[in-house]
Amino acid sequence: MIKVGIINVTGYAGEELARILCSHPEAKVVSATGRSAAGKRLPEVFPHLWQLDLPVEEEVGDVDFAFSALPHAASAEAVAPLVRGGLPVVDISADFRLGDAAEYERWYGAPHPAPELLGEAVYGLTELNRPAIGEARLVANPGCYPTGGLLALAPVAKAGLVERDVIIDAKSGVSGAGRGLGLTYHYAEANESVSAYGLGGHRHLPEMVQELSRLWPEGGSPRVTFVPHLIPMTRGILTTCYAPLADEGLAWGEKAGTEVLGLYQDFYRDEPFVRVVTEPPQTKHTWGSNVCLVHPTVDTRTGRLVVVSCIDNLVKGAAGQAIQNMNLMLGFPEAAGLDLPAVYP
Amino acid sequence: MIKVGIINVTGYAGEELARILCSHPEAKVVSATGRSAAGKRLPEVFPHLWQLDLPVEEEVGDVDFAFSALPHAASAEAVAPLVRGGLPVVDISADFRLGDAAEYERWYGAPHPAPELLGEAVYGLTELNRPAIGEARLVANPGCYPTGGLLALAPVAKAGLVERDVIIDAKSGVSGAGRGLGLTYHYAEANESVSAYGLGGHRHLPEMVQELSRLWPEGGSPRVTFVPHLIPMTRGILTTCYAPLADEGLAWGEKAGTEVLGLYQDFYRDEPFVRVVTEPPQTKHTWGSNVCLVHPTVDTRTGRLVVVSCIDNLVKGAAGQAIQNMNLMLGFPEAAGLDLPAVYP
Amino acid sequence: MIKVGIINVTGYAGEELARILCSHPEAKVVSATGRSAAGKRLPEVFPHLWQLDLPVEEEVGDVDFAFSALPHAASAEAVAPLVRGGLPVVDISADFRLGDAAEYERWYGAPHPAPELLGEAVYGLTELNRPAIGEARLVANPGCYPTGGLLALAPVAKAGLVERDVIIDAKSGVSGAGRGLGLTYHYAEANESVSAYGLGGHRHLPEMVQELSRLWPEGGSPRVTFVPHLIPMTRGILTTCYAPLADEGLAWGEKAGTEVLGLYQDFYRDEPFVRVVTEPPQTKHTWGSNVCLVHPTVDTRTGRLVVVSCIDNLVKGAAGQAIQNMNLMLGFPEAAGLDLPAVYP
Amino acid sequence: MIKVGIINVTGYAGEELARILCSHPEAKVVSATGRSAAGKRLPEVFPHLWQLDLPVEEEVGDVDFAFSALPHAASAEAVAPLVRGGLPVVDISADFRLGDAAEYERWYGAPHPAPELLGEAVYGLTELNRPAIGEARLVANPGCYPTGGLLALAPVAKAGLVERDVIIDAKSGVSGAGRGLGLTYHYAEANESVSAYGLGGHRHLPEMVQELSRLWPEGGSPRVTFVPHLIPMTRGILTTCYAPLADEGLAWGEKAGTEVLGLYQDFYRDEPFVRVVTEPPQTKHTWGSNVCLVHPTVDTRTGRLVVVSCIDNLVKGAAGQAIQNMNLMLGFPEAAGLDLPAVYP
């Protein structure tokens, strides 16, 4: 068994790593850190993890692999010495997602703590970047929103079948905001309410622009409008993506939908965690699982592609994909520990 | 006091009419019909309406004004003889919203039951159609989604500041689907889940296209993509609208947002039920009230207008707007019975 | 119009006072205080109260009547000088509910800030204490749990038909915990979960014991076990009360239920806000309204009374009852401003 | 691998059996029946079970073991021939829980379809009946409410430390009512509402009385009042049990709580799925898992035991316990397939 450390186990992403790894056949959590809870046992913080009776420590112990679930900036600071020391790491924070340190500073408001590692960090959207992830020692786990958006758009973008002009309207459960308190996430405020946020520019936008730019055959940055919404549920992101069909490439009219569906089915045919579905999906069907459901359609009245994707923001959108990446980095079967069905209803 | 009848009080729109009219200073519900519940007292069906101890009847009694909350087709059949007999009516169903009987048949799958009344029916989006509503004897109350979308887009469309190319991504609470049972609306299925629906074309689409067509100064049908989503909450619709800014008319860059905001504030300055807000609104702040919150922004990176609106789907999206229309038709103050704040939290 | 002040408008009880008073025919909020929000306008804190465009102040202004919605201890300190100055006050905090300063100190952990006022404070469970409230200048508004429990038990206790041995199992929505942040009330923690709390003794217990003691004809303190539960909803308390039937007084068997029902119907016959119902009630049927639904039953297998009551914790359990008490104190019709039906669904 | 059949896979209990068995190391679902869905593939009914691509059949195929998740009466009819043919079966319906056919007829309104099997059916509350289950060929899986109530009360009842006079106040998520439609379970009706039901006598009452009667050392039927409540969440039951402490057996005062806690810890020390906890538990900490959390306390003011337990109604309250019983019947490790932590948050 590989010895795994979780840096900052006390947030939802850290907790979810611990939960999922409880049933991993090749990896075992042996060390978990957390600033506020240091000194407690893990089950005191998370009673449902009573089988994982570790101390919450200040510093990660002797491990073969580490996940960081720290907030940005703190994560790069904690991760950099580990990576330099040769430890393979998946960083769930945003710190190594943007390849350009200036862009990082623009969006995160402070200089990057370890810019010299940006060059070797690999963006960990597993399905789009598998070979590089397999060779990486530092993987930047994607944001939850980019995961849903990129998997929804990749097949048509790579095929050049839509214009580089994209609207991403995402609906997220409240756990995406983390375990830190705030009036917006107070039960009586968030329940029975929907709201948009980040209209001036959400930090996941540059990440999506960067990764979408790599997809179109002719290259070049797409115009991306991204609006996230907060939804009164705990887990799940549903992403609705809109893009004009390119003038060439698809049949006209009703056939376009069939062609697009076929394209997606081919693109994701062998993927263990992406399923192309022919009925509108529900986030509920991904609850607790690493699957991403993708439903491509064509609005023939307007010539627009409309793709809907669903993920569990804490699994495929965070801890699950991180473990999927670890599996690749360590040569385990990609689905190891991740092959459970969603918990429904 | 005006004597009011509610045809089909047993659904959510009918119930909501009854609830709101309990505190109307000029109108009193004296007759309420309902097929399944005929023979019961109204408080047996809706215990919270114990003050309104009427029988649920088969046919509407002697009234001065009627609301129909029947499903489409049935509504036109019930309403037509009343209108012909001179009774002023607000029809909450879709039957008199589309002006073109052929378009109606295309979307509703059967010939219109009373096409001869289409010419005189007035589309009841109060803020956009006030004079005609005041003169009408038959008002077609707008659908819940068109209400949110049209109020969000009207100021810029009328000013010609956006192109006729619109995406409307709407998020609705489950009460919008009515009181009829269905697996999709079963608690354990709808809770903790979000889904898109109507991707092939929702019946509120032609209504939005028809009404949007009237707004642009140069006329002409806009291209509209409309995707509704089901959200795990009881009441509320948040609508996010996207449209490219027209090449002319607005300042460049950051100023565009300020100009657009000013335009909206001017447009809705004297409206009792539309409030332009400078922070992203929450549906919770409209819960149980007739208000529509509108939040216009400009995505300066892409040159797109992004407007968010919030309504309570059962009030401004149905019963409240119907009463607002009745007030105009009968010469009452427009806000009579409708001036209560939202119930928060 | 009477000029009303709300001390600490920024919590849920304070907000709810402001919301309900918007439609009060005789009283108008002219001053509102709040420590954290002082300097803002009220609609900046609560956008749904945009019609009530007052400043949030440090100190209450010139008013004819004041409500305090401060936390305990702070409330007595703020209220005492006002009462001494002759201003009629309803205090929503716990400070004047317990008549015994020593008991107060035992449960609230500090000496009472104004023990000299305890003697004249009247416990404001309106239905049980109407004459004294009408003469009071300081009314202690009951806790939300005692309101639900006392209205459920009063008729049989006063009739001596149950033993002084009571179990009160209450289920409350999360708004009962207030607007202050805490992990327990964080959306992702409270959603999809039920828990009991206060098992070692909740502060509403001595209040219930004190008031129940006054009910039985023979006097004497009842044995009361009270267990509150947190339920994933925003508003509402459902209280289930259990007590052994006294050996004498009721018929045996099935008739006992009918007798008990009749007793409750007689007891509450003329009450504007208590309704005895013959089907199990739902908290939803009290949402946003001042009504209390009471459903008395007899478990003939065990000889136990089982009574279920429902209230909206923020209305009859807080702000609504406070206004009901103000109405009595000022000689207004008791239901003034409070006669709206619940908002359903 | 053992070949398993699920009779009536299309309800929530049947679906949950299928979901959990996806990760069972020794058993594999090879046949699944369902009347309404016969002819479809299982993933058409439950998209999240796409890995289990079986046809939904009319009749169960060639299997080594069967679960029945049919409604009562239909279940006994389907199960009886299988049991007579020698197939080991766990019946999740109520049909074989009551040992007395007359009692069954009294509560279920029709004669028992297979009374001759009542004698050999074993009540499958695993922790209390392990040896008999291991030898059984027909196990009656307990109701969800009895599971929560019996595990909460067994230690003190067996020790004779409480009187035979018990109140069980249970709070259940809506999935407990199954997948069949009903207005009570319609999203807009069940959301933001709590209600009691079954006040006249719920069918789980005789089951609890029967099993509790076996626990007290002196025997004899306890007086049991049982009131279930419907809570706006999908999964979970929290059960609050109240019973007077017996006059002898426990220390007085504060020590009583410590003694009772020790008793529970001893009683459940070696149980893989029952955890005695010292803080009030949340149903969330059992979500999707087979664990039962038990929190015993003493109300020293009244001399009452108050025990709170939490389970996931679909797992320990239905499918999980059924698999736990299968494991015993087939000689597998008891926790096989069931050792995953709860999914939190």
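First chain written, first letter: the chains are A, B, C and D, and each begins at residue 1.
Following the convention adopted for this analysis, a residue touches a chain if its C-beta (ideal position, glycine included) is under 8 Å from a C-beta of that chain, and two chains touch if they have at least 3 such contacts.
It should be emphasised that the depicted structure is a prediction, and the values quoted were computed from it without experimental measurement.
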**Prompt:** Shared touching chains for subunit A and subunit D?
**Reply:** B, C
**Request:** Pick out whichever of the two, A-C or B-C, is joined by more C-beta pairs in contact.
**Result:** B-C
**Prompt:** In angstrom, rounded to a whole number, how far apart do the mean CA points of subunit B and subunit C lie?
**Reply:** 37
**Request:** Averaging only over C-alpha atoms, locate the centres of subunit A and subunit C and give their separation in whole Å.
**Result:** 46
**Fill in**
By the touch definition above, subunit C meets two or more other chains at residues 12, 173, 175, 179, 188, 191-192, 232-235, 281, 284-285, 287, 345
**Item:** subunit C-facing residues of subunit D, complex
**Value:** 165, 167, 169, 171, 173, 188-189, 191-197, 199-201, 223-225, 227, 229, 231-236, 238, 240, 242, 280-284, 287, 295, 297, 299, 301-304, 306, 308, 310, 345
**Item:** Contact set on subunit C toward subunit B in their complex
**Value:** 12, 15, 19, 22-23, 46-52, 175, 179, 191-192, 234-235, 275, 277, 279, 281, 284-289, 291, 293, 339-345
**Asked** Which residues of subunit A touch subunit C in their complex?
**Response** 12, 173-175, 179, 181-183, 185-188, 190-192, 232-234
